[in-house]
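The same subunit A turns up in both complexes below, where it pairs with subunit B and then with subunit C.
Our next item is the complex of A and B:
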């Protein structure tokens, strides 16, 4: 990755956080108390924000990043308590009474949430949200007209030039537009600090890039302090001056974005960087961090990363390592950093290996063929004027035996609908689907034998591992049930179930557990094992890793790769994430508004897209450099 | 955007965030449990605890509470306490059968309607709508009255009348389960619909079912005692709370305890059942499980 084009003229002082801090958080500790039991959620959080600076709080789920933001704003949910100091303009926000805090929120510190739907009152038109906020800023403010004009100006500032948007209700807008209105409302009182909590996670990739670019430009023109909370390192690096890496409630590393990216000084940051699948090339095996994220409370008295760290030694668990200052305004909470620095640096550099060529595609015997499939979702029956929604407008594709094919597109492209048609959860309105010689256009019309054969040929992996396993049953029950359907018969179900678990990298002891006791990654492994139970030849994987943390995502992607090698199973990988797709598939179909706009070998499509939509998708994949946001889509 | 603090929904007994009983109400829930257990015990062993519920003593006649008769006697000289104790049986058995019967019938229909959809859903929904359009208590009184009354007849009619609300509840919950990925995964595996409904949908409705059993019981208890009060349930002279309430009304100035005791039992039993049901529902729901 070339970093020659880094923005050079950045204010060094600001970047180092040396200016007078606008916001100064020290020793923030958040605990919960439920049923008399205290649990640590975040401990020892320090953070400084200078005017005009963007800092990122990066962390996976359970890191406590959102709670940190909420604590700063005094918006912790009931049952959670914050200690420490949060200084803003000479006052400790944690000690302010609620009334004073409420006055301060919006006026001094603005907030943007993941889904602006939760911030915008659904009963108020978009313009009203901004007008109301303006009125609060200045009670003596001129008449109605002036408010309206100002609101329109504010909307224009966030790139909404169509004045009719002000008269629409939030639910009438797309996700991206809604987020823009949310940003305009959050900025209406010109706050000095803006806290953005995963502002683009709910958006499509192309919209995400636009929203981030907008946020960045607003921040720099207003010289606002911006705290960006994200799970995506690439976004943090491209947006922020400095980043704070949070893990299981502990701050592990602090530094400028460039420095941290080039030379991480904590094993966890290194792991995160390495497990990020590169969008530009395929690697044979992603470097995953083993294990799963610990609960903050369990690691409150030692290095939070110790349970997963390969450099762990006795001193690591002798107490919580403090954030130690290193050269270049950097800080790391690893006690052994001086000893292992060299090793970390080497691993980081080794990760920039050259691309692994995707093997030449031998023409495979076709396994599944989709021909000109259309799917129209009927409007409400009996209601005139409501037309059906066309999800698929004549899609054709082919999947060969043992081949891995991706269906790429944004929400609304119809990619999930097509996947569901393949496994019989939807029936196409017209067109044909043939799988392994069986006509699978309408599962309902098949004979029992044919249907059984199809079920054993195609299986599906769902996106959300938290809902794809029945919470009422043990893992063993789920797997045995699937095995009974499979071709192997019913002898020694337990043995086969243990084998399945082993295949997906889980111990047999998990058979007795309920899904609640498993982490997201482990659940997804079980879901994969369940699908494998019937020995399918094709697995339809609907965004199988998008709900997982980065460090776990790499493990699951590696598992997919390994299973394909071992079992020769074919994949239809449905995803919006091109970096993920690059790692696991041979061929790509790009779906846009229900039509395939481009298809071909993965390297060709991603390196040299021909269709403008594909090009836009490729450009939207987050990159760590600052050019990513300034570059044209 | 200034965010106003949202006023949480107020539940006097249960904490809105944890679902645990509020301070001071923990004892109340405990007492409710004890009371429910006591009534259940009396329903089974009542006749052994108090053998002389029907023993008349016309010579004594009506009397106020005393050591030998803690709640006094009624106009026929029968011991009120014994009658209240023995009356627990008809108060528990009928409603229990109603709740169970309505739950089985209504639940099965709800599961069928919710999972199968299509015409079975249509037919079942029409049936539910029809039953909801009828004034339940009135229909019960008329039907039981016309057919000549009787405890088990009343039970049968009430099963029919209260099953539609179970159908509606289970159908809605099933519809909500249906699009969940674990149900779809079971469909993709090709499991038969019956098995999916029984093994995958039903277990997840359990908290709901348990809560509705308790609430349904309280409703059935009130309905049964109302019918008895009107003389449509158990025969005259039976030690039954509804019947006793009707027959001892006139004694209110002679022996208030005889008139009030059966009524108090009805109210406290129904209220305890309601609270216990509420508490269980909270405990078993996702919110409670997160603890």
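Our next item is the complex of A and C:
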């Protein structure tokens, strides 16, 4: 590969954060060596962090952001190797022996991982995690009692004032609480730098906001350097002083949060900004980035974004474009940035055009009606003391023909349970469900004909496109199988299958492929095509885009919008993401602890929520401005 | 967890196990009637036709005049206090034979078990930590060899090298006194342990490899915890859960292995007793050994479950993470 111009002796005048860097990463290159084959994972990564500064590394899956974090701490998984320099207090961490690194971890640089559900040792009480860290600081056994008191104090610092939490096991706590315990454990030795790898991605939206606010306040009271890794530009903008945009292992743009937000100087950053569905208004079509994320290794010797860039020209692929300095302490790795800057600005402004009004809500003929549905999950049989859990406490809703309705709520709200009741995966404890004139409260009690009719009327799309397709069957097989159940006996199954694929924007050549060969977005398209095979009138979509990268999410949301226009299919969109919901539905039901707390037209509910819970949800949607975290919930 | 919960759990398991034991005992008892020939013939056997008094005594003892059900309950009541009648071969009480023969077997079993745990688990950890190195490969190769070679083959092999060629250990018998036992039973225990080490090593190795990839290990290292704390406090403890659940499996391996090893080293233990009894159609002895083994297996399984509960709080609190 062509080495970028910046590896090694680069001048100090290059704009970096204020003051001397606390951490200085240059030319970081991460490669994997598995079975003798070398693959590039990250190349030419530079990063500088000053004391008390917050920088964000923004990237989608496959960008190499997590591996960059782990490389800084010398915690790369086996088989992965880092080159370049990571300078901290005059030492290159990449050259330090493991023992010296271990002494430094936790004391100088701390790390928080993405998933609070897997980050803590399931067999250790929460307090022990913090005490374990403390013991590294002060190994004397006399310190034991002191460690315990200190652990309690540390818990208080992260907002856990109940001392009994220290004696609980991780599985007894919620995700947000576990994340707090993790933060307390990571900070117990007061490191000067904290690397937070997607610290809130696995949390509910309201919890996410609280956790981020906590991190921010901890960072500023301790004047700690914070490296925040996230896939969400809005979060990066509101939390960070400067952002680094990483894509397919390459650093594409660097700048202060304000500047990048105001004017992105790389086509990829622009694409990311545009594909983010706005939470405040509906747009007729999201500006998605075409295609899927390339593997870092495939684009190691050219502009990483070239395969998806509409401005691509011959020089873009002649070598890896270096990160060039621009005015205002900014850097961009686009070789054509001077030529296309104007166009980028125009596109950005074009995306700001006024909101598309939500379609007139003419009272449609009701297609599905849910009346006072309750669902109680029984405790485990024979186990005393474990009561049933009430997932739905009397929910009523209605979906008209061709209407798009959202069921909004966080985990534990019962939204998924209701969706599963509609398609017969769950049977309500009481209450009624009618779909297209058929009583669908209990699928088991239906006649064969009625059940078949329901299956053709309602289809479900699941969140995880990786598990919803059978890996053993080709896409063609899956679609043909679905078509056979369809309303009219199709003779030309292959023809119909390719039509379906075309409908969801995939070439017919995909019929022969197996799911493994497809990206997440493509799989979700296939899942949608499979659901369409029976020409359903209602599609129940359970968080259909939340597992996808932003740039792909926009494509799928556009697909949902287009299909509705073409086929007049009705949606029940189950989601926690209000910005997504805003784009695709007409009406919203807000579900909280198994009850509908508010419902109505999407604009009214999101612009002027009446119920405090709805208001809290709306306030939790990440915003780019700095007030987002300080604002009242 | 409260003690009452633990007691309730053990109580529940004991009730279930008692039921299981009843079913097994029913099968064991039925042996008398399943073996060809009338019950009297089965229970008396021998070449000469038995005297009428003898037949009468047997009929009386086993209540052969009464219904099958009452024969069974009568037999169970006696079996519950360890009375399995008289051995057909020797005429001695079965209970005495069991008591005499259990001692060397128990010694052998515990000895082998200690070897298995103290060799299998550390080797498994070592293989996992040194993954894809010569150490790992050697450990895995050894465990493959251990699995594929039956205990009597390794037994004969050990016997030849250490007893015949080197003369370090006696070749047969059980010795007397603790030291004598230890000396006599070292080779057999080693032969037996080798079959058990293999699965334990593999379970530990896979468990450890899986655990070492977990986030909480990365997070522990990221906090600068010592290598020992990460490896044992965070890694091994989690990795041992599947090893412990495989405890029942290990017992099965050791039990079948014990029979072969006892024969190879001529140890007068339960295994040999069982083989003699089967060859001789000595049904009361077979019944005694079978019931004793069943009870042992059941108790070990219970102990495994309790241990499992102590290690894993998620089980202890009666729920898996929500």
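To be clear about the criterion, the second predicted complex is superposed on the first by the 608 of 633 C-alpha atoms of A that agree within 3 Å, B and C clash if a C-alpha of one lies under 4 Å from a C-alpha of the other, contacts with A are read in each partner's own complex, and residues count from 1 in each chain.
Everything below uses one rule, namely that a contact is a pair of C-beta atoms (placed from the backbone, for glycine too) under 8 Å apart; a residue touches a chain by one contact, two chains touch by 3 or more.
Here the structure is a predicted model, which is why all the values come from computation and not from measurement.
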Touching partner for A:78 - first (subunit B), second (subunit C), both, neither: both
Which of subunit B and subunit C A:530 touches, first, second, both or neither: first
Contacts of A:409 with subunit B and subunit C, given as first, second, both or neither: neither
First (subunit B), second (subunit C), both or neither touched by A:451: first
Contacts of A:122 with subunit B and subunit C, given as first, second, both or neither: second
First (subunit B), second (subunit C), both or neither touched by A:622: neither
Partner chain in contact with A:400 - subunit B first, subunit C second, else both or neither: neither
Which superposed partner A:544 touches (first subunit B, second subunit C, both, neither): neither
Subunit B versus subunit C as contact partner of A:105, first or second or both or neither: both
Shared contact residues on subunit A - subunit B and subunit C: 75, 78, 102-103, 105-107, 110-111, 119, 133, 136, 185-186, 188
Residues of subunit C touching subunit A in the complex: 8, 131, 213-216, 218-227, 229, 233-234, 237-238, 311-314, 317-322
Subunit C-facing residues of subunit A, complex: 70, 73, 75, 77-78, 102-107, 110-113, 115, 117-124, 132-133, 136, 169, 171-172, 182, 185-186, 188-189, 383-386
Subunit A-touching residues of subunit B, taken from the complex the two chains share: 1-5, 8, 17-18, 20, 180-191, 199-200, 203-204, 206, 289, 291
Subunit B contact footprint on subunit A (complex, rising order): 34-35, 75, 78-79, 98, 102-103, 105-107, 110-111, 119, 129, 133, 136, 185-186, 188, 423-425, 451-452, 455, 458-460, 462-464, 467-473, 481-482, 485, 516, 527, 530, 534
